[in-house]
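Note that the chains are named A, B, C and D in the order they appear, and that numbering of residues resets to 1 at the start of each chain.
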Amino acid sequence: MELILLITILIAAALINISVKNRIVIEFLSVGASIVAFLGSTIIALKVSDFGIYSPSVFFSVDSLGAIVMLIIALVGLAATVYSVQYLRRETAQNIIGFTRVKQYFVLLDLFLAAMFLAVTTSNPIFAWISIEATTLSTAFLISFYNKPAAMEAAWKYLIINSIGLLLGFLGTLLYFTYVNSLPGNGFADWQLLTATAAYLNPALAKIAFIFVLIGYGTKIGLAPMHTWLPDAHSKAPIPISALLSGVLLNVAFIVMLRFKLITDASIGPDFSRQLLIVFGLLSVVVASLINFTQKNYKRLLAYHSIENMGIATLGFGFGGLGVYAAMLHIIYHALIKSALFLSSGIIFLKYGSTRIAKVRGIITTLPVTGVLFLIGFFIITGTPPFGMFFTKILVFSAGIKTYPTVTIVALFSAAILFISFFHHATTMVFGKKPPEINRGKENAWLTFPPLVLIAVVFYLSFSLPPFLYKLITNAVLQY
Amino acid sequence: MTYIGTTFIVLAFLLFFKYTGSFDFATVKFNVALIPLPIKNAIFIFALVGLGTKASIIPFHIWLPAAHPAAPSHVSALMSGVMIKTGIYMIIRLFLDVLQPIPAWWGLTVLALGSISALLGVLYALTEHDIKRLLAYHSIENIGIILLGLGSALTFYSLGMPSLALLGLAAALFHTLNHAIFKSLLFLSAGSVINEMHTGNMEEYGGLIKYMPQTAMFFLIGSIAISALPPFNGFFSEWLTFQTIFQGIARLHSSSQWIFVVAAGSLAITGGLALACFVKAFGTTFLARPRSAEVAHAKESALSMRISMGTLALLSLLFGIFSGPVTILLEKISKSFTIFQNVTSLVSVSSRQSFNVGNGFASVSAPVLFGFLVIAIFLTTFIVRYLVNKNQKVTIGGTWDCGTDLTPRMEITATGFARSIILIFKNVLKPSIQHEIEYRDDESRYLPKSREVTLSVGNIYHSYFYRPMQTMIHELSLRAKNIQSGNINAYISYIFIALAIALFLVL
Amino acid sequence: MNIIVWIIQLIFVPAISPLCVGIIKKIKARLQNRQGASIFQPYKDLWKLLHKDEIISKDASWVFSCAPIIIFAVTLVVGASIPLFSSLVNNVLTSNLLVIVYTLSIGTFFLALAGMDTGSAFGGFGSSREMTISALAEGGLIFSLLTVGLVGGTTNLFAISNANIFASSQSFLSILLAFCGFFIILLAETARFPFDNPDTHLELTMIHEAMILEYSGKKLALMEWASANKLVIFVALGSNLFFPLGIAQSSDISAVTTGIVVFIIKMLIFCATIAILESSMAKFRFFRLPDLLITSFILNAVAIGLIR
Amino acid sequence: MFLTVIFLHLAKKNFTAAVAYGIQSLMICLVFLNSFFETGNIYTYIVVLLNLVVKVILAPLFFIRLIKKHALSFSVNTYLNTPFTLIFIAVLTSIAHSQKFLPLTGIVPTHQALLSIALSSIFLSLFLIINRKGAISQILGILSLENSIVAFIVFAGLEQAPGLQIGVIFNIFVWIIIATIFASMVYKHFGSHDVTSMKNLTD
C-alpha cells in the first residue's frame, strides 16, 4: 500500500504545485513528498527483505533489486530536493531564474521522481518502458532549464537520442512477448510470467530482442557508444538534477535492462548476454577514462566518470559470479557518492560561477567544508583502499581475471589512467592558489548538509552493511 | 605516480587470485605450485615494478624526490625511514616466502636493479643542492644497497646455498634498520636547519656550525654513518652486504659471477661517492663563511628536537658497536621464514666481540676498532698538546687568500663541489651547462661584467620514459574526444552502427 | 716476544714514514742532478714544525682543529692493523680489508672537511678534487685487495700475507694485473704523480696541498706526518699482500729482523719507482685522471674474473 | 506506408513531409482498424480513434503551425544527395528482406512480407534521422520510426493490452508537444533548424 501512497503523493504534490502561488508552500510540498517517499520506500525495502517480494497489486511488484534501487532513488531524491530549495533560492537571489521557473522545476522534479519509482516498481515491462520514457520527457525541460543555447542543445540531443534508443528498446521489449501473446489471456504479462515462459522463446529471437533492449536501454544507461548525450545533459542540467540523472536515473535504466537479461538468460543461458555486457562495459570504461584524461570541465568530468562506473558495473554483471555482488555494491556506492560529488560541485559552482576546472582553484581556502567533502568523495569514488569502492572494483576485476584476463587488465589500466587524471584535477581544484577575486565565504548548512549525509552513509556502508540491506543484496545476487 | 605502482601490485595479486583462488598469503603459498612458470614470471615483473615504485627503485623513483621537499621534515623522515621500506618488506615476503621456489634470474634481476639504483641514486644526490632532495636521493641509494643484499639472498637460495641466502637476508635487514636510523637523524637535523633558514637550498647556508653546533654534530654523525665509515652502524651493514657479494664472487661462475662483480664494483663506487656527497652536504651547510644574511639569525634548534636527534645518533653508534649481536638477532628473525627453518648460520660472534663471517673469511670486532680509534686519538692529542711544546702561542688570523679580501662568493658552492664528478659521469647524468655572460661594453670581450653559470641535470626518466607515456595517453585521449564531435547525426549513427554490428554478429 | 713485535708493529709506521719521504726526495734530487737534502730531513722538518707557533683562521671551527689529530690517529690505527714485517700477529679484530679501506676514508673525509672549513678559495676545490679522486679510487682499491683476498681465500690481511698466494701458477697473472691496478691507486691515494704534485703550491695543480694550506705549526706537522704514514701504509700493503716474501712467520729475533730488513728493501724499491716515475713523467690533466682510475678498476675486475 | 517513408526521404518541403507523416499514420490506423475487425475488441477501437486524433490530425497540425510560424517551407539539406540516398535505401531494404532477419520476420510466417517491409521501414526511418539535418525532419523521422515499430508489432501480432497502448499513445502525444516546443526553441536560439549548428558541446 505504501507504494501506491508514495507515488500518488509525489504526483499529487506535482499537480498541486502547478496551481500553488506561494514559493514556500511549493518547497514545503515537494520536500514533504520526498520525505514521505523516503519513509515509504524504507518500509517497502524492509518488507521485501523479510518476505522476498512485495506486490500490493497485480500492477506492482518490488523484488530485492527493485527495493535497493528504490532506496537509492528515495535517499538521493530527498537529498536533491532539500538541496534544490536552497540552491534555487541562491539562483533567484542572483536573479538567474524567476518564480515560474522555480515552480516548473519542482513540478517536474516530483514527476521525475514519481516516474522513476514507477519504472522500478511496476510489474509490466511495457509500463516500465512508458515510465522511463516519462523520465526522459520530464527531465528534458529540466535540462533546458536555464534556457541558454548550450542547455537547449544538450536537451535536444538528450531528447532525440534517448527517444531513438528507447524506441529500439520498445521494439526489443515487445519481441519478448512473442510467446506470451500466443497464450490465451489479455496479454498483460509481468516480469515473472515472461521469465517463467522464457524457455519457450525462439532463441534467435531472444538474442535479437536482447540486442535491441541493450542498445535501447544502454542509451539511457550511458554505455559507450550510445553515451554521447550523457555528458552534455549532465553538465548542463541544474546541479540537483545532474545528481539525480547521474546517480539514480542510470541505475533505474540499468535494472530494467538487468530484468531483460534475466529473461534472456532463462531462455538461452547467460553466456550470450554476458559477452555483450562485457563488450559494452569495456568500451564505456576505456572511452570514458580516455576522454577524462584531458577534461576541462568538472561537471563533464563527473559525468564521464559515471559512464566509467556504469561500465565497471556492467563488466561485473558480465563476468558473473562474484562480479554480480560487487557490481550491486558498486552501483549503490556510485549512486550515493556521485550525487554527493555533484551536489558539492554545485556549491563550488555557486562560488566560482564557472564549471571550468582551470577557473576553480584553492577550494580548501575559499570553501573549507565543501573542499573536504569534495576530496573525500573523490577518494571514495576513485577506489582508494579503505573505502568500499576499492573492494568492489577489486572484486569485479578478480571475478574477471579468471575468464577474461585481457579485458580485466585493459579495464584495470584505464581505471588507473582515470585515477591519475581525476587526482590531478581534484587536487588542483581543491588545493592550488585561489584566484584573487574569490574570497573566503561562509557555507550554507542547507547546501553542505545533503552531500555530507550521503557521504556519511557511504562511509557507514563501506564498513558495515545493515542486515536488511545485506539480505536484499544477497537475494538480488541469487536472483540475477 | 604511485597509483601506477598500485595498479601493478593489484595486477600481480589478481594473478595470484586467478591461479590460487585467494588473496590470502598463506593460501597462496600453500598452493603456489598451481601457478605455471610463465605466469609466475609475469607476477614477478608486475610485483617488481609495483613494489619498486613503492620502494622508489630507479627508474620508478621519480615521485620520491618530488615528494620530499613538499613534506615537512619529520614526515619525510618517516617517508624515507619507514614508508618506502614497506615495499622492501613486500618484496621479501613475496619472493623469499610466498612464491618460493623461484628461478635464479629473479634474484640476479633484483641484484642488477639494486646496483643501478645504488649508483644512480648517489650520483643524482651529488647533483642536488636542495638538501631534502639530496637526502631523498640517498634513500634511493640505500634502497639499492638493501636490494643488493636481498638480490644475492634470492640468487643464493635458488642456487641452493641457503646459508649464504640467510647471510644476505640478514645484511639486507640490518641495512634496512640502520638506514631507518641514520636517515631519520639526517632528515631531522636537516629539518631543524631548514626551520632556521627557511630554505632548503644549500647554496644559501654556510658557517652554520658556529650558530647551531649540536645540530651540526648530529648531522656529522649521520653523514659518517650513511657514508659507511666505521665505527658507526652504516659501515657494518654495508660490510655484511659486501661479504655476501664477495661470497657470491667466490662461489659462482660465468655470467652470474660477473653480475656479482658488477654489484660489488657499484657498491664500492657508491660508498666513495656517498662520502663525497656528504662532504659536500656537511661542508657547504655548516662550514666556512655564511653565504646569506639569513645564517646570522640561525639559532640552535629546540631541546626536544636535539634530544630526539641525540637519541638517534647514539643509536647509530650503538648499533655500530654491537653490530655482531644485532646481526645474530636478525638472523634469528629471518629464520622464521619457512625456507630458512634449519639452515646453518655463517655469522658468529666470538669472544672480544670479534664478528666472523664464513669461518675466517672475514672478521671484524667493532668494539675493538672503536676503542682502538679512541685510544689513538687520545694518545695523539695528549702527546701533541701536553708533551711537545706546551707553551705554544696560537693567534687567530684571517684566511690567507693571495692578499685579496675574501668574500663568501669566493668559497666553493655545492654545485661547484660536485661539478667535476658530474662532468666525469656526464654520459649518465646528461648535464646541461649554460653560461650567461654580460659584458661591460660590446667592443671588448675581455671584461665580463657578470657571468652566470647554470649547471642542471637532465631528468632522463621524465624525458625518455614518463613524458612519452603521458603524451601518448594525451594523444589517445584527444583521439577519443573525436567521438564527442557534437554532431547529433553522428551520435545517432553510432547507435545505428552499434545495432547493425551487434545484429550481424549474432545472426 | 710477541709483545715486542706488537710494540714494533704499533710504532713502526710513524717511525719510518718520514724516512720514506726523505728517500723519495733524495732520489728525485739525484735524478735532477741536485745534491738534495739528507734522507733524514723530514724528521727535522716535523720537529721544527711541532715547535712553531700557529695561526688559525677566524672562520675555522672545531672541525679544523680536530681534523689533523683524527687523520693522524686513523693512520696509526691502520698502520697497526696491516702486515708490515711479520704476519704472526694474526690480528682478526681490525685487519679486514674493508675495514682498512673505510677507516682510511675516515681520514679522507675529515681532510676534505678541514679543507672546506676555512672557506678559502683553494681549500674548497682542493677537497672537491680530492673527493672526486678518492671516490673513484675506492672501487679500484677494494677490488685489487679483493683479488688477493679471493686467491688467498680470506679477507683478513695478515692471513692473506700468510697464505702462499703463488702456490697456483695460473693465479699469478691475475695477481700481476691486480698489482698494476693497485699501484695506480697507490699513486692516487698518496697524492703522487701523475695525480698530484706533492711539492707545488700552484693553485691550478695542487690537491692535497690545497687542503692543508691553512695549517701551520703542530697541525701542519701532524698533517704532513699523516700523509707520510699513508704512503708507508700503501707501500706496505702493496709489498706484503702482493709479494709476501720474507715476511716473518715466527716470532724469533732472526725472523723478525729479516722481516724488517726485507720490508725496508721493498720500501726502497717502491720509493725508487715512485721517484723515477715522478721525475720522468708529467702530471695529468685533472679530467684525464678518471680514465686512469677506471683503467685500474677494469684491470682489477679482469683480475677477479681470471681467478679460478 | 513503406512508400511514405521513402517519400519522407525524398521530400524537400517540410510541409509535404508533415503531410506524408499524416498519411503514414493513417495507414497505421487502418492496420489497427483491420486488427479491430479481426478481434472485435472494443478497446482496440478506442486505440484506433486515439491514434487517429493524435497522429493523423494533431501531429501534422502542430508541425504545419510550426512551419508556418518560422516560415521554413524548405527542409534543410541532407548529407547524401538524392541518388546516394536511394542507393542506401535500396541496400537497407534488401538487408531487411535478407535471410538473416528470418527469425525476426518469421514470427508470423503468413505476414513475413509485411514484417520485412515494416523492418525495412524501421531501418529507413533510422537512416532518415541520421541523414537529415533539419530538426523537424528528425522529429518526423523518430515518429515514423515509432510508426513502423507499431506496424511491425501489429503485423507480428504483438499488440498489448489497450490500457498500455493508450499509455504509449499518451506518451507519444506528450513527446510530440515537447519536441515541437523544443524545435521552436532551437529555432529561437540558433536561428535555424539545422541541428548541425549545435556543436558547442564537444570534449
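The rule is simple: contacts are C-beta pairs under 8 Å (C-beta built on N, C-alpha and C of every residue); 3 or more make two chains touch, one makes a residue touch a chain.
It should be emphasised that the depicted structure is a prediction, and the values quoted were computed from it without experimental measurement.
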item	value
Chain nearest the global centroid, as defined over all protein CA atoms shown	B
B-D compared against B-C, more contacting pairs	B-C
Farthest chain relative to chain C (centres taken as mean CA coordinates)	D
Chain B and chain D: spacing of chain centres that average the CA atoms, whole Å	71
Geometric centre distance via CA averages, chain C-chain B, whole Å	31
Centre-of-Cα separation between chain B and chain A, whole angstrom	48
CA centroid of chain C to CA centroid of chain D, Å	100
Residues within chain D bordering two or more other chains	103, 126, 129, 138, 195, 198, 200-201, 203
Contacts with 2+ other chains: residues of chain A	156-157, 160, 164, 204, 208, 231, 291, 294
Category of the chain touch graph - line, ring, star, complete, other	other
Contact pairs between chains, per stated definition	A-B, A-D, B-C, B-D
Touching residues (chain side chain A, partner chain D) in the complex	124, 126-127, 130, 133-134, 137, 140-141, 144, 147-150, 152-157, 159-160, 163-164, 167, 170-171, 174-175, 177-178, 181-182, 186-188, 202, 204-205, 208, 231-232, 235-236, 291, 294-297, 300
Residue ranges of chain B in contact with chain D within the complex	481, 484-489, 492-493, 496, 503-504, 507
Partner chain B, residues of chain D touching it in the complex	79, 100-101, 103, 126-127, 129-133, 138, 195-196, 198-203
Residue ranges of chain A touching chain B (in the complex, touch as defined)	156-157, 160-161, 164-165, 168, 204, 207-208, 211-212, 214-215, 219, 224-226, 228-229, 231, 272, 276, 287, 290-294, 394, 397-398, 401-402, 405, 408-409, 412-413, 415-417, 419-420, 423
Touching residues on chain B, where the partner in the complex is chain A	3-4, 6-7, 10-11, 14-15, 17-18, 23, 473-474, 476-481, 483-484, 488, 491-492, 494-495, 497-499, 502-503, 506-507
